[in-house]
Amino acid sequence: MSDISFVRTEMLPEQDPPASTVGLIGWLRENLFSGWFNSILSLVSIYVIYVILSGLLSWAISPTWGAHSLNECREILAGLGREGHYAGACWGVISERWLQLMFGFYPPEHYWRVILAFVLVGVGLAPVLFDKAPRALLWFTPIFPFAVAWLLWGGTIWGPLVAMAGFVVGYFAYRFVSGIAGGLLGIIAAFAAPVIWWLFLAGPVAGALGAILPIGIEAVESRQFGGFMLSVTIGITAILISLPLGIVLALGRQSNLFIVKALCVGFIEFIRGVPLITLLFVASTLLNIFMPPGTNFDIILRVIIMVTLFAAAYMAEVIRGGLAALPKGQYEGADSLGLNYWQAQRLIIMPQALKISIPGIVSTFIGVFKDTTLVSIIGLLDPLGLSNAIRADTNWNGIVWEIYGFIALVFFIFCFSMSRYSMYLERKLQTGHH
Amino acid sequence: ATLDDVKARGKLNCGVTTGLVGFAAPDANGVWEGFDVAVCRAVAAAVLGDPMAVEFVPTTGKTRFTALASGEIDMLARNTTWTFSRDVDLKFDFVGVNYYDGQGFMVPKELGVSSAKELDGATVCIQTGTTTELNLADFFRANNISYEPVPIETNAEAQQQYLAGACDVYTTDASGLAATRATFEDPSAHVLLPEIISKEPLGPLVRHGDNEWGDIVRWTLNALISAEELGVTSANIGELSAGTNNPEVNRLLGTEGNLGEMLGLDAEWAKRAIMAGGNYGEVFEKNIGEATPIGLARGLNAQWTDGGLLYSPPFR
Amino acid sequence: MTTLTDPPRESFKLSMLIYDTRYRSLTIQIVALIGFLLLIGWLIGNTAQNLADLGKEPSFGFLAEPAGYDINQRLLDYNSQDSHLRAGLIGLLNTLLVAVLGCITATVLGVVIGVLRLSKNWLVARLMTIYVEMFRNVPVLLWIVFTMAILIETLPAPRAFRGENPEASMMLSDSVAVTNRGVYIPEPLFSNSLGNVHLFGESAIRFDVSLDLIAFLAVLMAGFWVSAWIKRRADRIQEETGDRPTTWWQRIAVVVVPTGILLTVLGFHLGYPELKGFNFSGGIHLRNSLIALWLALSLYTAAFIAEIVRAGIMAINKGQTEAASALGLSPRRTMSLVILPQALRVIIPPLISNYLNLTKNSSLAIAVGYMDLTGTLMGITLNQTGRELETVLMGMLVYLTISLSISAVMNWYNNRVKLVER
Amino acid sequence: MSELAIDREIDRSKMQVSDEVAIQITNMNKWYGSFHVLRDINLTVNKGERIVIAGPSGSGKSTMIRCINRLEEHQQGQIIVDGIELTSDLKNIDKVRSEVGMCFQHFNLFPHLTILENCTLAPIWVRKTPRKEAEETAMHFLEKVKIPEQADKYPGQLSGGQQQRVAIARSLCMKPKIMLFDEPTSALDPEMIKEVLDTMIELAEEGMTMLCVTHEMGFARQVANRVIFMDQGQIVEQNEPEEFFNNPKSERTKLFLSQILGH
Amino acid sequence: MSELAIDREIDRSKMQVSDEVAIQITNMNKWYGSFHVLRDINLTVNKGERIVIAGPSGSGKSTMIRCINRLEEHQQGQIIVDGIELTSDLKNIDKVRSEVGMCFQHFNLFPHLTILENCTLAPIWVRKTPRKEAEETAMHFLEKVKIPEQADKYPGQLSGGQQQRVAIARSLCMKPKIMLFDEPTSALDPEMIKEVLDTMIELAEEGMTMLCVTHEMGFARQVANRVIFMDQGQIVEQNEPEEFFNNPKSERTKLFLSQILGH
């Protein structure tokens, strides 16, 4: 055997790779033209991009922003020598109607209220959604639903305040009753007292307060909601309300009480088993039949109720996933310290389970937000519904692509940014274990 | 009672379509306009004194009756055909007819079709959710010819399909056909076939059982019709309401008799209704008449005195 | 030492209902049950009261009455004099048709796109990402109306096929016509047809079974059975000797030859569509509404499936591929023996829930006038009869049944393929 | 398992066993489904006793001590803890749980709360102690387990041994009369085991009543006043540590001891 | 890294190095993008040689042995394995891969197949062995790695050490002429490391040509006939183990050895 010993006396310097593997050429070779199959794919893709872009751009670039009717657009384009069906887009309809597509029939002088409301939603949710947001905002989180509702629907300020007082009532009922009669009764009282408050006392109290101190802003009826504002309102309300509902359903589904579990499973599977559109039919045609004679709440409220139930079923499954991801030791740790069921849920289980579930919650929200377009089928004027109404205007009769394109674009911007956010969260949860 | 509810609310809830050219559509400011809308405004003016005090509730073919039955809307003015079963079985009251229509056919001129009976094998676009699909089925069955129905939810989409040639024929109420044709790039390239295969009396309706409210809507509509017959227009109404020597005009405008009181309204109810958008003729001309892009002729909807069917019972 | 004495019986106290774990759960459940029953009772009471006020008795009698409307797309025979029930049945079949077609194409598309998204080709991967994001972030309803509008606006109308110099012409040697009313493709015809068997007389669920089809399917099944037998034989030979005999041509032959013979005997030929009068006639007519709905649902769902496929493949550790390569397995075998069996476990459950979503989304058919269950039973029938309660509840029940069956399949699969862990 | 040398003098002055009964288990039986895990357990623990429970895996050690604070329910027999009988009465269960502290093999700290919050949670919500006071107590016990400086960190930032010591401190904050340990050191690396055992010894020196499932025989020998050997759900043998290790009576015990000390 | 005592006599009788060349690497260079990972590698391995490759993390050890069965592609130079040159010719790659077995740090067993199926998969599909024969071979090698009784379990049910031994058996079932190991023990607990090293030693005793990236210096000392030290993508030093450990020449080697043995 030869002598195998070898020592390198001087280290080799780093060399540049062969020219064909770096730089633009290297990149192209590696990423677009490695092998004949890839080359064909690349060429086909380039062709597809070319066809789509050339067609789309020549249509979309069209100086019709100022037109006031389809005919005017046609004239402008004819003046430029562009004739035919696809001569160019008629952007006049967007410039004239985009505010309507955004805000529906909300009084223009109150648009600021809508904008402020959605800014408040952002501020209220920021501490929940972003770690970096100042913790001080957290105190605002429980208040913002009421502030937002008041801004959107207007009316006397006492309504939301009195509604909020319901929670305070519940809290004190809990403290008081659990003090003298124990935990479970306390919980029951904590649920019952606010319900009684809201059903029987809140109205008169708010009325009385309103009479004494009439502070308020002009009321806007929910019928005047429309366009994207309607979609966002339905989506956000449904998600916010469905969250507690979903928690209750998820806990029910996890519980070992047979009847409770059966009820929760039944509800969840039923809602998830039927198309949303049938639930909306229920909202538009049946809900009033199910309610006591004489009750009559407006269609938007009914839609919100059904969409909320729908979202709650999906939310329950998301939260169940979060609960399942928690190790059993957490429950035992809480038990062994003597925390009772509700304390354990509130202090130990839910904070962790919800945190794990945030990406799922955001995805559910995207889904619900997209599904709000279905309300156009039952005659609500969401963006899609409004597009029909706009096309029924004599000026714009015959418009198709411009409105659809605009609506699609706005939806895309909303949903895409949210889906990016949920991906960011997922990544963070994967790596970030304190 | 509905009247009290409306007064207490200060707004009239009026069901309309989600958008039909000339009959109901919101403009850029969100203000609803159209022929059906005008009826709502007249009622609001009569009852509440303000033609703008209307909350328009867009309804689809499916939701309109539920909305009315459940009390979500006080009246429905949504080109709804007065039929036996709707009146009797669904328990509604049609208060009159504001537009006499009939189902017709529109075809491109180049097809060279001159009668609906020549449509064997044709593809027919129908707007669903109305009586049209039933009429159509009956007509073709009775004439033993085949066809291919293409059901479509909204007029805008039906129009799009028809223009693109996805169907040979578009059938809906003749008024709708005319209105649709008017907005085409080249209206003259399309013809309406002579056959009108059904009677479509379109009118506002209210719930069964509240006759006082039904009377108000019925007589508001009649007031508009009578006003035209009596020559009362929004232009001369101020002058006429000072008193004329036509007692019927006086009764209508409340300077004589107590018709308003009988309805549970004040004396000037009809005056306000007429001032809201003018008399029937004015409303017609403004929204769908020959001067508008829609360009409908009065036809059957002329006053009985002009050979039409409009015939309001006397105000007496 | 082992005398088991029962603990002294405690006398029952009312507080035990709440504080005793044995009774507590019972208490909660009974309270929940009572609450639930009260709620149901309240709802039913209200409904009865309201219906009585409206003068509508709940009844399903209307189902037997003539529907009065026509349905263009029907898998079974139907005319406007048939009952509402049959109209509903036609609608249900249309729902199932578009759901099945949609699931198939969505899967194919989704798998292709998901795999292409992982492609090393930068451009293709980007394009697929754009596709996925575009479809996932815009409502499906918008895609449905969009697709319909595109079909209507860009395809030629039948009249474009007419005249001396037609603007459009049929494809594939005049056998397929693509128009904006739909696509007409050749239909199979038999000159020595065996005829039909008519089942269920004149009832609402009557239907015809084509004996030709039955014969065809029977021969085909037999062919597949023989083919499977050949495969098993090949497996056996491989196990014994290690070499796998080449059998692909035998396996194709035993399926193709007998069916070919059968078709010849039956006098199989194709009926081509041709322009007659207003429309093409003859051939199979795939209506625009079906195509638009099918296409839109497939494209939309494919975006989700692509993500699932991608995630499934990425979930398989790179080490698995490396280990397989290091063992000398070819890329094709690596895919079929190592990657796919593992990826499928990850992919199939969410895939099935996407099938479920697609089926539920097919209820948006009304947007393009496709007469599915929502369009017939919960659409025109509801409209004509004013029976909201009955039709909507029936419709929901049908959808629920479909969904629950799909989930049952999913659970069965999940339990079957669970990976064995410590 | 290795026999870890405990390298300091153990102060046995306070480790007095009193006559009062802390835990009394009589004829207790438990089944999982139809599997009889605990068979006819009889055990009396006096105040101040330090009991080590040993036995092969699956012999029911964990199940037994988990029955004592009702993390598992027994089906027959009687368990009386500090004079309170464990029945299905929730109030009693709550009372017992707040008297009995427990440490688990996997610590089960709450990862979303800081160490201090982990320690003050139960005192605040169960004992209704004012926050300030609870924090003081917590710092006191954290000092005792020698990690006061970690109070504001999260459990995920601590080593296993530190986490287990926090878990002990967390239990102590409820001022329990009895402490249960379920293999507190078996998930730890050797260096960390020592830290935790030290803490437990200190606890013993202060006279705490302890039941400890462990295989640390060094600990058993020097700290326990009784070793219980379980197998197949039964108490097979119990004795003082010296006797137990040097002179086991039962065949099974011998076999077990030879396995665990032998190699 | 600790130096694990290998407690048995090693039979060096069969561990003869022949003159035939098994692997010949000449002037091989490899880049990741513009990062030069392997610089001018020259290495000749004779049949029967047992080579240990050591070096700091990121020095390119894994990359080098992965180049040998073309899990990574090299851009310059030549690699000849068992007389076959590795080019982009697919057939050659397949041939080389079926001659060269490889074991990974994370075992990479196929979790959806039983142990036996894991072992028979490649023989059946690549070597076209009849199943029966393949199973016999598999059982033979499973016996060799001392886990025949686990044949019908799934990888998920085995401990890490057992899994790594299955991975070795799986490679051996292809009857490779050369075995590559990439840190086969670094994901294992100490007890398990011993099991796996034992298996590898047995393999060496039978005369297998082995290249092994490992930090188990005990193994290197007693089994390897050559130790290669890599740094910054280059072979810095190679020598017989005794010389390498006792008398390192290069500064870098000294530093490395002091770090890994010293602490």
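Note that the chains are named A, B, C, D and E in the order they appear, and that numbering of residues resets to 1 at the start of each chain.
As a convention for this text, a residue touches a chain if its C-beta (ideal position, glycine included) is under 8 Å from a C-beta of that chain, and two chains touch if they have at least 3 such contacts.
No experiment lies behind these values; they were computed from the predicted model shown.
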Original post:
Which contact partners do chain A and chain B have in common?
Top reply: C
Original post:
Hey, how far apart are chain B and chain E in touch steps, shortest way?
Top reply: 2
**OP:** Taking each chain's centre as the mean of its C-alpha atoms, give the chain farthest from chain D.
**Re:** B
Subject >> Most centrally placed chain - per-chain CA mean versus overall CA mean >> reply: A
Original post:
Expressed in ° and rounded to a multiple of 5, what is the rotation angle of the C-alpha superposition of chain D on chain E?
Top reply: 160
**OP:** Would you indicate which pair of chains has the most C-beta pairs in contact?
**Re:** A-C
Original post:
What is the chain whose Cα centroid lies farthest from the Cα centroid of chain E?
Top reply: B
Subject >> chain C and chain E: spacing of chain centres that average the CA atoms, whole Å >> reply: 51
Original post:
Could you state the distance in Å from the CA-based centre of chain A to that of chain C?
Top reply: 28
**OP:** Could you please state the distance in Å, as a whole number, between where the Cα atoms of chain B are centred and where those of chain D are centred?
**Re:** 84
**OP:** Specify, in ascending order, the residues of chain E that touch 2 or more different other chains.
**Re:** none
**OP:** List, in ascending order, every residue of chain C touching at least 2 other chains.
**Re:** 18-19, 24, 145, 149, 153, 366-367, 382, 388
Original post:
Residues of chain A that touch two or more other chains: which are they?
Top reply: 182, 281, 285, 288-289, 377, 400
Subject >> Those chain pairs that satisfy the touch definition >> reply: A-B, A-C, A-D, A-E, B-C, C-D, C-E
Subject >> Complex contacts: residues of chain C adjacent to chain A >> reply: 18-19, 24-25, 28-30, 32-33, 36, 43, 46-47, 49-51, 53, 119-124, 127, 133-134, 136-142, 145-146, 149, 153, 360-361, 363-364, 366-367, 374, 378, 382, 388-389, 392, 395-396, 399-400, 403-404, 407
Original post:
Any idea which chain C residues touch chain E in the complex?
Top reply: 238-244, 317, 319-320, 322-330, 333, 337-338, 341-342, 345, 419-422
Original post:
Tell me, which parts of chain C touch chain B in their complex?
Top reply: 54-55, 68-72, 79-81, 145, 148-149, 152-153, 156-160, 180-181, 276-279, 281, 287-289, 366-367, 369, 371, 375, 379-380, 382-384, 386, 388
**OP:** Quick one: which bits of chain A touch chain C in the complex? Just the residue numbers, please.
**Re:** 30-32, 34, 38, 41-42, 45-46, 48-49, 85, 182, 184-185, 256-260, 263, 269-270, 272-278, 281-282, 285-286, 288-293, 366, 370-374, 376-377, 384, 400-401, 404, 407-408, 411-412, 414-416, 419
Original post:
Of all residues in chain A, which touch chain B in the complex?
Top reply: 70, 74, 96-97, 100, 104-105, 108, 221, 223-224, 226, 281, 284-285, 288-289, 294, 296, 298-299, 377-381, 385, 388-394, 397-398, 400
